[in-house]
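Multiple structures follow.
One chain, chain A, appears in both complexes that follow, with chain B as partner in the first and chain C in the second.
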Partner chain A sequence: MANSKLYKGSLNTIILKLLDEGGRMYGYEITQKVKEITKGELKITEGALYPALHKLEAEGLLVVEVAKVDNRLRKYYKLTEQGVKEKTNRLVELEDFIRNMEQLVNPKWTIN
Partner chain B sequence: MKLSQDQIQELYKFTRAHYVEHYDLQTELVDHLANGIEQQWAHSPKLSFDEAKQMEFKKFGVFGFMDVVAERQKAMGKKYRKIIWRFFKEWFQLPKILIMFLVIVIISVLLYNSTDEEWKQGIVLGLSSVLALGALGYFFITRKNRELDMIKGGKKWMLGEMIFQFGGITLLSNFSLQLGLSTIHAEGFILNNIWFDVSFAIVWTSVALVSYVAMFVIPSKGEELLAETYPEYKITQNL
Partner chain C sequence: MKLGQNQLDVIENYLNWKELVQVDLKNEVLDHMANSIEDRMEEDEVSFSMAFKDVVVIWEKELSNYSSPLIGLLFSGPKMLIYKCAKELKRIYLRTGVIALLITILFTILSRKFDNTLFLEFSRNLFGYAYFLAIGIIVILHFAIRRTKTKSSFSYLFKTQAVGFGFFYIIHF
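Moving on, here comes the complex of A and B:
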């Protein structure tokens, strides 16, 4: 299993990105989607996912919709307008981070 | 295979037994567990409901749902403070701002003209006590009604609990009492200063306004705010 500590700081960005692509999603669906994309390498734990979703909702980045599915209620999350903007900002930050990490881990030495 | 209505109810009971007392969070966790159980059944159809339920519950870690509940409380607290701020701000627009201004001026003038130190301390302590004891008294008198409002429709909502517990605003009243009491030991040069008079008037008026918003304005709009926060609120009221 992937080292969850390394992913922890990026969980909110991952959620925002998935919701941007998937429209509206519910908690369980998000865990499965991440598992599917990373071929089981990364598992978002339930104990981390819901706090992250609730925090993003309280910040006004997500909005909740509820539907009755299979004799139970299901809560779907989707991005607000503010959430769409924030997703773009956070993705840029994450890409910068990945680029920097790549340079640190795999430096390309040049002789001037 | 899908879960039956009885099994869904069993999951609600299960979340309650594991310290999730609010319906909003219960609903989300029940759906999560149900999805997990159905997924397990897709791979191992012979697995019993209880076994599958326990396997899904284990995925939440050693503390079970406790972390999720604690973090949800934090997030909802933030939402509640935003609601207070929304109604608090209304008092900084015309014509309500005139009332605020008038109260601040009256208290400032009253303090400024109290040249006797003991008399001034008496006014400060009196005003602080009115707020603190008023809030506490109102909190106790309305206890029964508030508890009924909290579980209206047989369901307890996290935001509903905050609204009808006045968001712990009685702590703020305690702060105002401490503020009043601290003037007893204050040096004369602090008390006999126009900045003290104005500052006290502003702080007292702000605390009074926040208390008023939390104790009267927000609870009177309780239903509306719950429906606005929880899309499932109206659905479940009609069940």
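Moving on, here comes the complex of A and C:
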């Protein structure tokens, strides 16, 4: 995807949605999941992912669990109760936004 | 293909060289880089050093030396660390700003109700004691953080901001 800026405003919602579906996930796993779902069209950069994860954690929407995997420490993120509620709200907002954009890009004309 | 301890050490040494020594960030970046290298070695069938070079290029921007006016231009570090600390600091400033505003309003109202000179003296003493109490807590925290020997983004924030707070009251007079 040439213009990843279009996704930027939705990154937090994408993260919340993935964590809701995947339970607990670590940073690299999130980037790979997005790549897989979008068939490589969308690549979340490291520079965007971690600030977003840390912000959501600071807001109390995510909680962190650390586990030792393959001789190294892995930081897993999962939704808090507040995070689950917030995910629902943000998904509704995103769906409304997509619907409005669709109306603007492909308006359906009607004759009154 | 899983990385061995020597290969993980190479990544860790690189992160230490980039001054990303704060455990909360370093472990996360190390794991991400290691995963990325493992996938490249498996999918592209390249050696560890080749994959490592590719991954270093991707992380170059996030680990480049950076400073923020919010933290202080004298302090610099990896962009990822400075960015996280600056965001946290913004939240702290906002919170303390609101609290300071509420206290100011409260004291303005009280100073009008009571005798002005006496009240001013009382409030100056109160703030003086509160300030020295805060300095005492900062000194205790400073030694407690030093004793853990673990560096985190919060200890970095503490180190860069606590000294400034120490001079705050002196400048006031």
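Throughout what follows, the second predicted complex is superposed on the first by the 111 of 112 C-alpha atoms of A that agree within 3 Å, B and C clash if a C-alpha of one lies under 4 Å from a C-alpha of the other, contacts with A are read in each partner's own complex, and residues count from 1 in each chain.
Throughout what follows, a contact is a pair of C-beta atoms (placed from the backbone, for glycine too) under 8 Å apart; a residue touches a chain by one contact, two chains touch by 3 or more.
Given the structure is predicted, the values throughout are model-derived calculations rather than measurements.
Mind checking chain B and chain C on superposed chain A, clash or fit?
With chain A as the common anchor, chain B and chain C collide in the superposed model.
Tell me the contact category for A:71 with respect to chain B and chain C: first, second, both or neither.
both
On the A-aligned overlay, A:57 touches which partner chain: chain B = first, chain C = second, or both, or neither?
It touches chain B, and chain C stays clear.
Considering only the touch criterion stated at the top, classify A:83 as touching first (chain B), second (chain C), both, or neither.
neither
On the superposed three-chain arrangement, identify whether chain B or chain C touches more chain A residues.
B
Once the shared chain is lined up, is A:46 touching chain B (first), chain C (second), both, or neither of them?
both
Of the residues on chain A, which ones does chain B touch that chain C also touches?
26-28, 46-47, 50-51, 54-55, 58, 66, 69-75
Under the definition above, what is the set of chain A residues touching chain B in their complex?
26-29, 32, 45-47, 50-51, 54-55, 57-59, 64-66, 68-75
Touching chain A in the complex: which residues of chain B?
2-5, 8, 27-32, 34-36, 39, 59-61, 63, 67-68, 71-72, 74-76, 78-79, 82, 230-232, 235-236
Which of the residues in chain A end up touching chain C in this complex?
Listed in rising order, the residues are 26-28, 46-47, 50-51, 54-55, 58, 66, 69-75.
Sort out for me which residues of chain C touch chain A in the complex.
Touch residues, chain C against chain A: 2-3, 5, 8, 25, 27-28, 30-32, 34-36, 58-59, 61-62, 80, 83-84, 87-88, 91.
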